[in-house]
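In what comes next, subunit A is part of two complexes: it sits with subunit B in the first one and with subunit C in the second one.
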Partner chain A sequence: MPYNIAMVSDFFFPQSGGIESHIYQLSSKLIDRGHKVIIITHAYKGRTGVRYLTNGLKIYHVPFFVIYRETTFPTVFSFFPIFRNIVIREQIDIVHGHASLSSFCGEAILHARTMGLRTVFTDHSLFGFADAASILTNKLLKFTLSDVDHAICVSHTCKENTVLRASLDPLMVSVIPNAVVAENFCPLSYTPRTHDQIPISPADPRPSPTPIGPDDTITIVVISRLFYNKGTDLLIAAIPRILASNPNTRFIIAGSGPKAIDLEQMLERNVLQDKVEMLGSVRHEEVRDVMVRGHIYLHPSLTEAFGTVIVEAASCGLYVVCTRVGGIPEVLPQHMTTFAKPEEDDLVVATSKAITALRSNKVRTDRFHDQVKMMYSWRDVAERTERVYQGIIGDISPSEFYGHYPEQGWDLSGDRVRSFALIDRLKRYYGCGVWAGKLFCLCVVIDFLIFVFLEMWFPRANIDIARSWPKKQPMDKPRTHTIRNNRT
Partner chain B sequence: MPGHLRVRRPSPTTVSFTVSNASPRSNSPAKILFGIQILLRALLFCCVITALSARMRNLFLLQSDNMIQWQAIWSSPVGAHVCHLVDKYNPWVITVVSVLVIYGVFKRGYTEESLFVIRGFGIQTSTSSSTYLSSAATRFIPTTQIQDIVIHEAFKGFEVRFYLAVIVEGEPDVLVVFPQLLPKREILEEVWRGSRRCLYDAKS
Partner chain C sequence: MKRKKEKTPQRKSKDAHYFKPCVNASILSSMTPPPSSHPPIPPPIPVDTHPNRSPNSTSSRTPEDRVPDPDRLAPEDAYFAPSLSRARSAPTNYDDTLRSLNGDANLHPPRGVLGADPHRKDVRKLGAGRRRRKGAWKKLLWVKQSYPDNYTDTETFLDHLQRNPRVRPYDFWPLVSDSTVIVQHVCSVVIFVCCFVDIVQDRVSPVSVVCWGSVGTAVGWILWDNWIWKEQTDLSNINGAFGGDDGSSSSSVTSTANPSTNDTQANGTKDSPIHGLGLTMAANSSKENLPHQSPDRNGHIGGAVDPTARAGLSSAPSSAVAGEIDAQDIDRSPLFSSRNRQRLSTVKSAFLIYFALLGLSPILKSLTKSTASDSIWAMSCWLLIMNIFSFDYGSGEGAGATKFPASLSTNAAVMASTVLASRLPSTTHVFSLMLFSMEVFGLFPIFRRQLRQKSWTGHVCLTLALVIIAGGAVGMTMSGGWASAIIGSFLGGILTALAMGGCSWWLISLQKYKNVVIGPWDPARPIIRRHWN
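Then we have the complex of A and B:
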């Protein structure tokens, strides 16, 4: 049964990044599967109002006040009238919020529950527990997630983090990883295979296309925003040592940020300008062209929920050196990566190991692209997200959706199907903390009163229903049919 | 009162769409009510004029000229009563009240907006003014300057509203048709179809 889904987030194009492309790819694949998807985000500079993207994806750029790094000012209630109008005119069934730092998403989930809609939340990032900012963010997240129907995380580490931060029932959190459009990240000399079986056996007839000799130059690519949490300090410390211990090595660094100045100072102090090339910020569609210039992708991030960029790098046929933090170890199989602890010495050792492995031609990087293509696809992400939607709407039974384990001594306890009754919602919010619980309850009650007021002031009957984009016939009907059969 | 649409086709190559939020005067009670309303407005206007002239009679309405016997009017029982009443109040109060009443008398109780399409010539939009004293604001666009007529959505206040817009060549902004009433989508779609058929469809 097709659903009408509203994706709500502060982050969407024209700004580029992981969350933005996740929302776009997921939405367009859901549209391909016959659903109707709209996206609600705030107005960007020169982009206000209603727009359509390819595929009939409709974007509402709501004019709103932006405070910091494209996040809107959290006002809790001011978004409600316009949100209600959009939801009614588009006949939305499911509100899907993205990113925990987006105040739009949090507000939308609160209002959607008040209006009696099912809600899903996708968390894209990891947070700490210790410092003041994290505590505040975690309280806000708890407020958002107390009443959400289901949460989705991009990796198992992220799930653990979210469950702890928002004290959720782990069964209400699903893990659906990101994906990449493998076609956009092809290696330089790539010939599509005629048969789509991956030859895992070592007896692959194709030889390694260009064996790397002992004196050939190895290029290491780093593409990341140059922020503290992306591990730029680690990179600054490691680059001179890697270059000193491995001759015939070059670096290409793309990205910009507050740490760029430190990086440049390091280059000047060590006179490495001829060995390290700084490209500044690159657009997402140019990332592939930068990646294919190198042999190794170095990812020194200190925290990462998923790390789409290392999948993109592997898809381009690069050997990946990365820190063992967050969800990164779940992302790629062992033979594509070398892991390091997030410290200077270990990063240097791991990079040197990777360079040695490449020089000895032990790593078949030319096969990475086909393997990544088999592992990650947005169609798969959309299918799994659709199952979450079916579960919360009630098209599949709770015991099938949440799992049924009577033989393991425990069973479905508690009510996972969240009722819309105000008293039940208040009970859930009241448990959030001594003071916070009361404050949250107050917010929910006010929100409900605003809703009643809006129903009187702007009656539903006066709101025009928007026309849906004409649907095309789903192309992969036989394929989904076979999948259903396999599952049952 | 939501707007309703009236379509007129005086000739096969012209069509006029009028959207108005006035209550339709189709049955006889509504017509009688409308007549009473006009009478009431006229009466109010007369009252205001009388009160004003009574107030200012000392300035220039004392000498009896050959047309009206002013002296006689002011000394008649009704005239004396009016003069007495008016003299009790501050002149500023009387000025403000009469300006308000005159505004109310001439205020149009409804908005009427129209789109007039002539094949091979152009389109004209008009929006009725808020009072009966000034004429409607109109704008004519020749066919050569019309790039397209579209329906789109935009944020207005706390709502998302549909609007019909004409894209005019060489202008940065589109021209919104029915800018004040912003009628419902069904009306806009009918107007959109009708105007495009009239403008571009050679067969009809």
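Then we have the complex of A and C:
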């Protein structure tokens, strides 16, 4: 059964980044599966109003006051009128918010619950518990997630983090990883394997295309923003030692940021300009072209929820050396990666080990692309997200969706199927904290009153219904449009 | 819900086996204490009824299925050795003991420390699982699993969570003894304020206050001078035991150590002579230069710098001191003269400050005369509070660097007394108050710090004396007369004791609310051996 889904986030194109491309890819794959998806974001410079992307993906750029790094000002209620208008206009069933730092997303989830819609939240990042900024963010996240129907995290570590931060029931949090568009990240000498070329034996008959000789140059690629939490300090400390202990090694570093100066100073002090190439920041489309110039991808990050870039690197046929932080250990299989502790010495050792392994031609990097293609695809992500939608709408019974193991013997009803009754919602918000709980309840009550007011002053009957994008009937779901017509 | 209150801080690695089953209720609720009307938190997932952990499935699971085979070595073992061996040995032991205790493995062992390589273990499990059992859930993203996406594995969920890993429990008596430092300072501030009030109300003659203060300062200085001297002779004795009478090498040591020790003094020491004696002379000259630069404020600082510089020298890298002493050892007679010269210079700077202050007091008297008294009281209150809060209570050794520079505290106190001085009737009053404040806020802390290092009984006695004097001064100020002074000191002593004990007990009892949660989501702290800048 197809749904009308609204993706809400502060972060979307024309800004580029991981969350933005996640939303876009997920939306377009959901559209391919027969759903109707719109995206609501704030207005970017020179981009206001309604836009269409490929495949009839409709974007609402709502004019809003941006305070910091494309995050809108958190006015709890002012987004409601236009949000209600859009939601009614597009006949939305499910509101899906992205990114915990986006105040658009939090407000949309609150309003959607007030309007009686099902909500999903996707968390893309990890937060600690110690510093003041994290405490504030966690409180806001708790406000957002107290009443959400389901949350999605990009890795198991991220799930643990989100469950702790927002005090959620772990069964209401799904883990659906990011994915890569494998076609955009293929190695240089890649011949796509057709179906009739299925190898007879499990050992691939094709020989390793270019065996690396003992004196060939090994190129190590680093693509990251040069910030502290991306581990640039580790990189700066490790590069001279790696180059000193491994002759015939080169570095290519792409990315910019505040640590770029330190990096350049290190290069000058050690006179390594001929061995380290600094490219500055590269666009996401060019990442593949940079990656395929190297053999090893080095990722010294200090915190990472998923680490899409290492999947992209593996898809390009690079052997990955990365720090064992956050969700990274879950992402790639052992034969594609060498892990290091976030320590200078260990990073040097791991990189040297990786270089040795490549020189001895033990690592079949030419097979990585096909393997990664099997592991991660947006189609798979969309299918799994669709199951979440089915679960919260009720197309899958709660016992099947939440309680997979009937013999576990604990009550399945619980509080997981979130009722829309105001008193139940208030109960959920009240538990958020001694002071915060009462404040949140106040916000919810005001939001409800605003909703009643809007229903009276701008009645639903006066809002036009937007026409759906004309679409070919999906081959596997011929009943799509008949159902849609019945419902409307 | 109340469970959290009773939980005392503890390491997860110690109590993981009972900590785990209540993970849902206790951890999640411990983030914020939910009130009673909170929607019921779902019951904790009963671990023993879990399919993976049901008795028949655990019996089918062989030990090496969970624990990697210790005989097989992976390449990583070369540099993961310490953590891995722990992670490996611990589970086997725990497992056996627990199984024998409980008959069932429903309480699962701690899975090693945080850095103990969960991935490899899982991969091993995966390799084994492919052959033996298809069904085991893996904490991996790249494998297609037959479990739904919201499946929560009770065995691995939050297993790297650590609570309060670096907490250091306090003990009562050490806390109380450490709080004496604060009591001392607060008492000296109280004494100063009482003296001011009494001077203003004409109960005490300012000259008598400053005389008593000066006598105390002189006694303190003599004591302090003795300690320093003893320390130096001890050091020189040790040095003599090392047999370091090699004149050339010692002088070279001195010359290398010289710039580093005298960097802060910054004038005239760059071209100091190579010999050890030159060091003290240079220090003296720089010390004498200081009051000339800005006599009104730095005059007192100069007086303060004098002992600090000496203390800095005495606790400086032993090579410098050793070199100096060594040089002194060679020739005894100039040594005495050096000590006397140093005393002479101290006396000289004391007189310098004295006269500078005498000359400045008319100016200080009229400096804030036009300000209303209300503002003066408010300002001096805030300045004294600032002095108390930003005072450097550390022992002055090691890396006990406070966030605020110690000068902030001293400056605040001096400014407070400057501001207060404008309310006094005559120049003599102003002079006395300023001198007294310099003694109390500038020199007395140095003496107290030294006393604490030297003798603990002296420190306690001084604390007692200060408390009694402060209480008496308050009593005297409130209602005059010796009887009220005695009552005041009695009450003050009791109140201080109660406050010290109460605050220490309070701090200890607050410790149980400490709930630091650490896990793999925290940004790692990079360990970098060398800094390249």
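The definition used in the following text is that the second predicted complex is superposed on the first by the 459 of 488 C-alpha atoms of A that agree within 3 Å, B and C clash if a C-alpha of one lies under 4 Å from a C-alpha of the other, contacts with A are read in each partner's own complex, and residues count from 1 in each chain.
Assume a contact is a pair of C-beta atoms (placed from the backbone, for glycine too) under 8 Å apart; a residue touches a chain by one contact, two chains touch by 3 or more.
Because the structure is a prediction, the values reported are computed rather than measured.
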Legend entry - Overlay on subunit A: subunit C relative to subunit B, clash or fit: fit
Legend entry - Which superposed partner A:N85 touches (first subunit B, second subunit C, both, neither): first
Inset, instruction - Could you look at A:V50 and tell me whether it touches subunit B, subunit C, both or neither (first, second, both, neither)? - result: first
Inset, instruction - With the two complexes superposed on chain A, say which partner A:S102 touches: subunit B (first), subunit C (second), both, or neither. - result: neither
Legend entry - Greater subunit A contact set [subunit C / subunit B]: C
Inset, instruction - Tell me which partner A:P63 touches in the superposition: subunit B (first), subunit C (second), both or neither. - result: first
Legend entry - Which of subunit B and subunit C A:A466 touches, first, second, both or neither: first
Legend entry - Once both complexes are placed on the shared chain, angle at subunit A toward subunit B and subunit C, C-alpha, multiple of 10 degrees: 110
Legend entry - Shortest CA-CA distance in Å separating subunit B from subunit C in the superposed model: 36
Inset, instruction - Take the contacts of subunit A with subunit B and those with subunit C, and give the residues found in both. - result: none
Legend entry - Parts of subunit B lying in touch with subunit A, wherever the complex brings them together: 2, 152-155, 158-162, 184-185
Legend entry - Complex contacts: residues of subunit A adjacent to subunit C: 126-130, 142, 150, 152, 155-158, 160-161, 163-165, 167-177, 229, 231, 233-234, 236-237, 240, 262, 265-266, 269, 302-303, 306, 323-327, 329-334, 339, 341-346, 349, 353, 375-376, 384, 387-388, 401-402, 404-405, 407-411, 414-416, 424, 427-428, 430-434, 436-437
Inset, instruction - Flag every residue of subunit C that touches subunit A in the complex, lowest number first. - result: 24, 27-29, 31-35, 37-43, 45-46, 49-51, 75-76, 79, 115, 117-120, 123, 139-143, 147-152, 157-158, 161, 516-517, 519-533
Legend entry - Footprint of subunit B on subunit A - complex, ascending: 48-50, 60, 62-63, 81-82, 85-86, 89, 458, 462-467
